[in-house]
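Okay, here's the structure, questions in a sec.
Chain naming follows the written order as A, B, C and D, and within any one chain the residues start at number 1.
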Amino acid sequence: MKRDKLGLDRIVFFSDAVFAISITLLALDLQPPLGPQPNRTASVFVELLPEYQSYVISFIVIGLYWISHHHYFRFIRRYDYTLVAINIGLLMCIASLPFATSLLDTYGNHRGVVTFYASCMVVTGLMKTLLWQYAAHNFRLIHRRLSRQRIRRLTRKAMIPPAVFAGSIAIATVNSDLAKMSWGAIALVLL
Amino acid sequence: MKRDKLGLDRIVFFSDAVFAISITLLALDLQPPLGPQPNRTASVFVELLPEYQSYVISFIVIGLYWISHHHYFRFIRRYDYTLVAINIGLLMCIASLPFATSLLDTYGNHRGVVTFYASCMVVTGLMKTLLWQYAAHNFRLIHRRLSRQRIRRLTRKAMIPPAVFAGSIAIATVNSDLAKMSWGAIALVLL
Amino acid sequence: MKRDKLGLDRIVFFSDAVFAISITLLALDLQPPLGPQPNRTASVFVELLPEYQSYVISFIVIGLYWISHHHYFRFIRRYDYTLVAINIGLLMCIASLPFATSLLDTYGNHRGVVTFYASCMVVTGLMKTLLWQYAAHNFRLIHRRLSRQRIRRLTRKAMIPPAVFAGSIAIATVNSDLAKMSWGAIALVLL
Amino acid sequence: MKRDKLGLDRIVFFSDAVFAISITLLALDLQPPLGPQPNRTASVFVELLPEYQSYVISFIVIGLYWISHHHYFRFIRRYDYTLVAINIGLLMCIASLPFATSLLDTYGNHRGVVTFYASCMVVTGLMKTLLWQYAAHNFRLIHRRLSRQRIRRLTRKAMIPPAVFAGSIAIATVNSDLAKMSWGAIALVLL
């Protein structure tokens, strides 16, 4: 259980870099789907809209995970190599989100792909919950002055997204559009 | 409204990383347009010139946004998650600029694309203005000792580029080359 | 032999960035190998499994090198430009690991490629050992209070992976699957 | 002329990130040139050698520029936005080096390309010299206690590479292989 400041900073820094690269690489998927002579102003916007829509959604999803990582790490004061390993597991999920999103983008109305995307989100969310649970258990790596109530609230908040996505996998066996709509519930619950 | 130093540092750091990745990825668009036997010295330079021209312009545009981000954040001392959200919105615009630029590069003489590029710049500029307005309003997140006059000057400066680009959208309905020339006005006004 | 804090921070930071970029770029290799109508849920998971398997393994390998870099640099307190040069050599190995891995992925049952991959790992491991040996020799760049015993333990630990991979090159001349299995020995010895 | 620590740190950080991304992206050029059945161990190494050779050289070139940036910035204590602009110009050169190198790689025996590569190196070297000259002139942005003699030595050292590359452009008009060999002179002079 190390307390060295630089060590913790490097972990946070490394995570930030992986988040930043993943989120910026999303722009590589923006492709000009224009015909050879895109002369009419309106048509350019209409043609580019779906491109940007998926870019914006993915950016917001990874951005929210970054904010959440930022938020939870504010309470973490020490580290051990188990925390580092869990954190790398979380980053592995984050870095693969652009792929899962582009898959959903291309095959959005197929049940298998919707289930796959939801599974990715479940695993990512569980990783975050695990990270927090490990750090907070008996104040293992967090600040002593954090109240038990607050810790529990943070745990609950971490568990909402994976729970909703797990539920949506069940819904997807009936209707995949309904499953996608259920994802909106996360926004409603978290706000 | 948090005051923790590490929290603000991570936001600045994350932004820097996104800027750095976006600006460096511009180089991926450099493509050797050479024929099989580029023997003559002069012709190599002539063929590579347009490649480099668009690279240099995009690099300068993103570089200027980074300088501006650097400049405005020097006055920001605290953060809340609204600021983080606006900042992520700004980064989303920045990360998509290489795409907008390459679009302009390929279809530069089409009015729709010129309008699209100008719209991207308007949104990016407004995001920056919003970030500053939010932070500076009633000294919400900035240093108390900043004079009201200076705050207003910084707000005005942030609003010039989106205003010019918005004007150029109107000009583009008449003539898209004229619209592009009007963008040079930003350099004149800001210097 | 410089002691300036910022100088050492930049070296660590630069290394972290190279690690983070290399590990995140692994996700670019994730390709949707799906047919046009991936309707059945199970088949999507089955088809994506090999993609993810190689992604996860490569992520863990680079992640372990990062943890190890993090661990060894905690003891390094000063730097000189020889250390910087060795560190850049190590980063050169790290940045090329995704290529070596994708090669192994594609031609995994060919002896030449297995030998090539093992050689890459030997060179990377030797670089790390060299870095540590250079820094630790006569307490050149490390903390004085580190016991000689601990230094030796760290040296031994750094030498295990290259030794195992070197051994697997010999094994590969007989059987390349056996060679690959021998790599698992590293996990056993290090845990 | 600002003295704020965070401001200077961000400039250094942003530069490090651009260097790190440029140097890591070099690995994207590593391509498996293997035939369908690379069974013989020796042939795999022989086929991959030229790939790695150009990767290693480019990595060392950018690595040396990073070391040099690291070295010169140790003496810079303040910044103004002219320094920031010159630094962005230098980064623009650095980020385009992988392209210039891959060009040299593909068309290495054509005089025009050799001249182009040497010109890139001249511009990059001059940018670095300009950065240093601007910062050091009348101790504008550097530490006061630096001796004039040391400043001059650092200036001379910065000017050697662009001078050699400029000379090689003249040599290339006669023989491009001789020009390439002359680049080795830099290593000899700097060591």
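Operating definition for what follows: contacts are C-beta pairs under 8 Å (C-beta built on N, C-alpha and C of every residue); 3 or more make two chains touch, one makes a residue touch a chain.
Computed from a predicted model, the values in this text were never measured in an experiment.
**Student:** Using direct touches as single steps, what is the fewest number of steps from chain B over to chain C?
**Tutor:** Step count on the best path from chain B to chain C: 2.
**Student:** If more than half of the interface residue numbers appear on both sides, call it same; otherwise different. Which is it for chain A and chain C?
**Tutor:** At the contact between chain A and chain C, which are copies of one sequence, the residues are largely different (under half shared).
**Student:** Where the centre means the average of the CA atoms, what chain is farthest from chain A?
**Tutor:** If we average the C-alpha coordinates per chain, D ends up farthest from chain A.
**Student:** State the superposition rotation angle between the two copies chain B and chain D, fitting on C-alpha atoms only and giving a multiple of 5 degrees from 0 to 180.
**Tutor:** 90
**Student:** Indicate the whole-number Å distance between the mean C-alpha point of chain A and the mean C-alpha point of chain B.
**Tutor:** About 26 Å separates the centre of chain A from that of chain B.
**Student:** What whole-Å value do you get for the distance between chain A and chain D if each is reduced to the mean of its CA atoms?
**Tutor:** Their C-alpha centroids are separated by 37 Å.
**Student:** Got the chain A residues that touch at least 2 other chains?
**Tutor:** 13, 17, 21, 25
**Student:** Could you list each pair of chains that touch, in label order?
**Tutor:** So, checking each combination of chains, I get A-B, A-C, B-D, C-D as the touching pairs.
**Student:** Inside the complex, what are the residues of chain B that reach chain D?
**Tutor:** Checking each residue of chain B against chain D gives 9, 12-13, 16-17, 19-21, 23-28, 30, 32, 34, 37-45, 48, 52, 55-56, 59-60, 63, 66-67, 70-71, 74.
**Student:** What residues on chain A touch chain C, complex-wise?
**Tutor:** 2, 4, 6-7, 10-11, 13-14, 17-18, 21-22, 25, 81, 84-85, 88, 91-92, 95-96, 98-99, 102-103, 106-107, 110-113, 115-116, 119, 172-173
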